[in-house]
Amino acid sequence: MNDVHPPLPAVREAVARALAEDLLPMGDVTGALIPIDILMRAEVMAREEGVLAGRLCATEAFAQVDPAVVVTWLLDDGEELEAGAHIATVEGPLPSVLSAERTALNFLCHLSGVASITRRFVRAAAGHARIRATRKTTPGLRALEKAAVRAGGGVNHRGSLSDGILVKDNHLGGLSIEAAVRRARLRWPGRSVEVECDSPEQVEVACSAGTDLVLLDNMTPEQVADCVKLVDGRCLVEVSGGITLTTVGEYADAGPDLISVGTITHSAPIVDIGLDLPDVEG
Amino acid sequence: MNDVHPPLPAVREAVARALAEDLLPMGDVTGALIPIDILMRAEVMAREEGVLAGRLCATEAFAQVDPAVVVTWLLDDGEELEAGAHIATVEGPLPSVLSAERTALNFLCHLSGVASITRRFVRAAAGHARIRATRKTTPGLRALEKAAVRAGGGVNHRGSLSDGILVKDNHLGGLSIEAAVRRARLRWPGRSVEVECDSPEQVEVACSAGTDLVLLDNMTPEQVADCVKLVDGRCLVEVSGGITLTTVGEYADAGPDLISVGTITHSAPIVDIGLDLPDVEG
Amino acid sequence: MNDVHPPLPAVREAVARALAEDLLPMGDVTGALIPIDILMRAEVMAREEGVLAGRLCATEAFAQVDPAVVVTWLLDDGEELEAGAHIATVEGPLPSVLSAERTALNFLCHLSGVASITRRFVRAAAGHARIRATRKTTPGLRALEKAAVRAGGGVNHRGSLSDGILVKDNHLGGLSIEAAVRRARLRWPGRSVEVECDSPEQVEVACSAGTDLVLLDNMTPEQVADCVKLVDGRCLVEVSGGITLTTVGEYADAGPDLISVGTITHSAPIVDIGLDLPDVEG
Amino acid sequence: MNDVHPPLPAVREAVARALAEDLLPMGDVTGALIPIDILMRAEVMAREEGVLAGRLCATEAFAQVDPAVVVTWLLDDGEELEAGAHIATVEGPLPSVLSAERTALNFLCHLSGVASITRRFVRAAAGHARIRATRKTTPGLRALEKAAVRAGGGVNHRGSLSDGILVKDNHLGGLSIEAAVRRARLRWPGRSVEVECDSPEQVEVACSAGTDLVLLDNMTPEQVADCVKLVDGRCLVEVSGGITLTTVGEYADAGPDLISVGTITHSAPIVDIGLDLPDVEG
Amino acid sequence: MNDVHPPLPAVREAVARALAEDLLPMGDVTGALIPIDILMRAEVMAREEGVLAGRLCATEAFAQVDPAVVVTWLLDDGEELEAGAHIATVEGPLPSVLSAERTALNFLCHLSGVASITRRFVRAAAGHARIRATRKTTPGLRALEKAAVRAGGGVNHRGSLSDGILVKDNHLGGLSIEAAVRRARLRWPGRSVEVECDSPEQVEVACSAGTDLVLLDNMTPEQVADCVKLVDGRCLVEVSGGITLTTVGEYADAGPDLISVGTITHSAPIVDIGLDLPDVEG
Amino acid sequence: MNDVHPPLPAVREAVARALAEDLLPMGDVTGALIPIDILMRAEVMAREEGVLAGRLCATEAFAQVDPAVVVTWLLDDGEELEAGAHIATVEGPLPSVLSAERTALNFLCHLSGVASITRRFVRAAAGHARIRATRKTTPGLRALEKAAVRAGGGVNHRGSLSDGILVKDNHLGGLSIEAAVRRARLRWPGRSVEVECDSPEQVEVACSAGTDLVLLDNMTPEQVADCVKLVDGRCLVEVSGGITLTTVGEYADAGPDLISVGTITHSAPIVDIGLDLPDVEG
């Protein structure tokens, strides 16, 4: 599984930005009180259960602060964390480690949060539907959050407005579904077309127009089941709209191929991961 | 109240980055299917209650996509939202509005989420302690989240490692509390010094050393009350460590001046805010 | 047609970068010899025939150098240029116009070059196949070149490695076609899958595996015709591999849906567009 | 010859930008289907003859995607390529190599294209005149294209508006040639001054005014020969204006010192360079 | 002392920017005349006395131009330089060293200038007051100059408007001192508050309002002494306003805790540091 | 005189960077205490004499903080300032003006400092030689400082390593003067060549080799006079090396064409310019 990590160029830039936020202009004013020649070995520990994500970001944060800091990983993105799990070991000058600690942990905790809630949705869907992430990501972190979703076992919907056609109700102001699908085939041949539908009637129109996916928005599980029957394999069926951990199982049982969940990126609580310092060498 | 907004340069840069994520390289492939000369008037609506934040970001997102889009605000950051509240009106070419919609909403929903949970903590503390945001912010969004906390009625702790001295247990590996405070006064005169304490003994040492604040980490409300009594006004008392909406009231009643809550920045669920299109003019 | 323009954020950044290249550190040392208070009206003229692209970039280049320069366009991206066509009028302080001139023209000439050669391929294909641009774009200009291709009447293939699955021979070192398509469906559901094929046997395997498109690489028109027959509508057929203006007609006649042409982005000669100064007012 | 490479800071930035274009937000979705632990050795091969340029960019592209990829070069910028020439060997994890391949090749093919057409012009001029590159470069790539021109055996004219005085007809709206040269000497002493001339009369005026170079624009070879005679060594003579591979020999024979050719930067077709994968190790 | 260096991320970015200024687009046109294979060993030498600062920047400048250049330091930031002191040895390819030389020295000379004048102020104050740097720094270099001040033995006042409250006369247009301090405590609890005072009356008001520091602006040493007496330990006393090396001793004798000096950052003359080339190996 | 201003793109970027330094992450914490609806009119005043520079930067600083702030200039870059001169009027919301004040003034004071010391050197040279700025500029501010030198009446030497050939002693390790000039003519035809000389012998060699300028480094005025005689008009003569306001007159009298002075960019003390607030409207 090499797709659980974000592209390295995205990691580098996000980390540089985060460190600039935390270290400018005067650096770590508290760390400056500690002698530079104290070396340390610290452990990155899970304080609660979850799924790991953000390894590349954490490594990069320590390296950008001080190339002398070495991080050794015992676990990789996508692996399960138990409370108390030893995730990585960090070795290097004490002030450098402390200066990078919060930035490294902010990435780890947030991205592991995304991976963890994704995994919970994936489990709740019990394999009856795939869990998809939307474009409702935290601004500036899309590449990282999309990877964290994959680490959690979910899949990615559109990466951006540029890479997938999704005709929503707001587009239909001056355009019929048929016209939208036809134009999409013409202007962007070879790309999947998805149409958001609020009713079985729209689903039928979209299928007849040859859409690749229908997105059933804000329907009940029963309505979803009816639409799945109506579609009858003519295209993929995706469901969205306020689906929670409580309701996702019912929706999955209704038979759609995909379930889009904004919550996994826009409202994921962190996983509590911290740095323990068992040893300080003089 | 002019401190509820983030600095404009931070807004401009965060929005540019978010739009690049969502529009490159081919722009809005679905929006491209709509004739450019359809003008629209849409309404930004709260779909649930909360506190507004992110106005400058949303305005900027529409403007960067197309200067012809005009946004008129009925509410400002820090104001309460009821479900159904009309927040703003957006007017301009339909494809431009749709291309900027998600980016604008991602900022609004996330930052309003931060403001809203902050306000709930503020209320739960019932005025007995101020709620402070930590450095546990989403990487790349610190300036925006710190402002959202203020919009919610909270206050900001350190903006960065560079702007406040907080001696934590990890710093005390090679350094006593007294030495830390003394060095801090020497190297960074005129700055507040805060010392994290795990026990009444440490609190006493920190007070005697002349710290400006003690941070009581992971104590029970009872222990906090004891420490407040021990400090007896010699410095400010701050509390932190896994405090929730359920427990914050008890902690506030214990008498500290400040309660630090990472949750309000690192685990705030969004407020659901959407764009409704009542009118499309041909 | 609103998809012939690149996203404005991409325009702004590319223009800022290009102006930095041309004006730093000392600005326009020749323009500095001219009195600043000479106003001018100049005309952007086509010196040869072609198709216009790059309007937003040229406007932005003048505006970033001096907001006092006003550009009025008579033609838009995608429109045909005859030799001698009057494209736009530029008015403002003479030194400002001259300082921005080359940067504005570099964008206009290059992007119009891309649009023009695309149009020629489109015409040569005589409507029997769509002309698609590849990822073989000039580094740093992908968003702009992809838009220029659309202005020329072509369509865009993948915007990036991130937005479309194309299994090439190099991927098949450790992976069969069937496995690739199956994994792609699993990991990236709802996305089109394309498989590059060198032989009818591979085409058959790909079709049976359920690919959405086959890319016939380096085949003769006859081989393409055979494969089109073999595919028989089971998926879209795309052709690529050294196709020229001379051969594209034959390939199009062979019946594929799409013809990918790297030349239109990586080897497009410019269209000669210049700035004429009929009037200088003192 | 150390001037055939662009400055490393320019390389780093251009490559980072190009990779961001191609890998965000979801990375290489096709490469993600391949196991990460397959190592490969691939060969960068010329598929047609030309002159190599862009080595630093290609090395940097692989390194930025994955530091574990190692590139070993058999040829350097400026060296001749025969069709089939082995240029470099690339070793590393298969998905990493494939993710960086197109970006690396886009630089190599484009810059080698610039170097190659430059060399052809240089040869066609048969040593009677130097071939100079203009400011008509691809926006964002000036440093790289200027180096590629040098790799091809050409020389660089102005790097930017900031680094050389070239008085063109558009500057002469409010300024005589004498005044322009006089002012240039005054304001920018120690810099070469060049004056664009359309007629022998202007050439004489420019020479008398003490210009360092005259640029004969859009003259026939005969007119150039006359002007060379007229100048008689008083300054350098440069020729420009639509000079092609067919006509450059005649112009060179007319005796100018320099021939400016926009084509070598703005309309250079690529050299076809590809990546062959003879070995994949499990 | 690990606080004499600026944060590495700030160093990297400032150096990249400076090299872009100096090397684009054509690189070092003079260095290009030298064979690349000449190796050199050069020495960074102080040509006058002072205090060293900028080591990280100089190392980074050489590394960004060519990773093959190795710099070995004999002295560190904060150490005294005598005229003729050997500061560092630089080894590598001659053209690379020369291409980075000026940028490396520009940082070293400027930052050592800041450190040196700071040290002179520190000495003139004879330990009776700490010398503080203000926000009057060179735009774009704040992190580096603040570190250089620390290397010189001074201390840092606010890093930015964001990290410290300083109520100045301009703020008091619509706000009394009492209101300002009260609001500051409310909105930014736990932060030091400083109030600028022009008269003993204001000092008394500020003290009574509970300020942490008073800033006595543009007072004579006698007036300062009176105010120190008036304050009588209720808060820290800082002095500012046109204090020079000549007058700083008198001000220090008047008993304030801190003396703010804009000169040390905004008007520091450089320390002359150069590169000597004793050995060039063929 | 339109060359006294830096290019606008350089201004925009430098100001954005400076504001980020001063306002992130929490904005102006003191300004936040003031009601946003207080409008003000303030005056930018010279507190000492000098020469103005930096107008575009100051305007840009206020505009980037708040587009509602309007700046009206009474003086332009290059104009003389008396102590007490009214330079500009600033109108807008009080907190916005105060938030941008320091950044705007930092540019104005520093760049006016460069312009002012340049003017003093220009006057001291009494028109017998032009004063030239070197590459010894403050890192990151080259475009702005070069413009300030022009505003002061000086001229610009090389803008960068890329835009002028200057053969220094360090280049001559593996290269004779003749070879350097010959190679320079070959590789960079049409560019001025300057050779640094330490002795009359080198001057003679350089002249014979056809250099365009000789740079006499670290000579006495008498030696300079001898070299000027020796050169006898064969090329321009420039002088450099520790020239001060005291000695520049003597050097100018010795007859060189140009005098290079690092001091005017690397060690210019600021001109004291401040913001006065006569009126605050409620």
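For clarity, chains are labelled A, B, C, D, E and F in written order, and residue numbers in each chain start from 1.
Please note the rule applied: contacts are C-beta pairs under 8 Å (C-beta built on N, C-alpha and C of every residue); 3 or more make two chains touch, one makes a residue touch a chain.
Please read all numbers here as calculations on a predicted model, not as lab measurements.
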item	value
Intersection of contact partners for chain B and chain C	A, D, E, F
Copies chain A and chain B touch via same or different residues, half shared test	same
Centre distance in Å when chain B and chain F are each reduced to the mean of their C-alpha atoms	42
Chain B and chain E: spacing of chain centres that average the CA atoms, whole Å	32
Intercentroid distance (Cα basis), chain D paired with chain C, Å	21
Between chain D and chain B, distance of the C-alpha-averaged centres to the nearest whole Å	49
Multi-chain contact residues (two or more partners), chain A	3, 21, 23-29, 31-32, 34-35, 99, 142-143, 156, 159-160, 162-164, 187-188, 191
Contact graph of the chains (line, ring, star, complete, other)	complete
Residues of chain C defined as touching chain D within the complex	14-15, 17-18, 21-35, 38, 40, 42, 57, 94, 98-99, 101-103, 106-107, 109-110, 113, 135-143, 160-171, 173-175, 180, 183-184, 187-188, 191, 262-263, 266-270, 275, 277, 280, 282
Residue ranges of chain E touching chain C (in the complex, touch as defined)	21, 24-25
Chain A partner contacts - residues on chain D that touch it in the complex	16, 19-20, 23-29, 31-32, 34-36, 64-66, 95, 99
Contact set on chain D toward chain E in their complex	1-3, 5-10, 12-13, 142-143, 146-147, 156, 159-160
Partner chain F, residues of chain D touching it in the complex	3, 130, 132, 150, 155-157, 159-160, 162-164, 187-192, 194, 212-213, 236, 238, 257-258
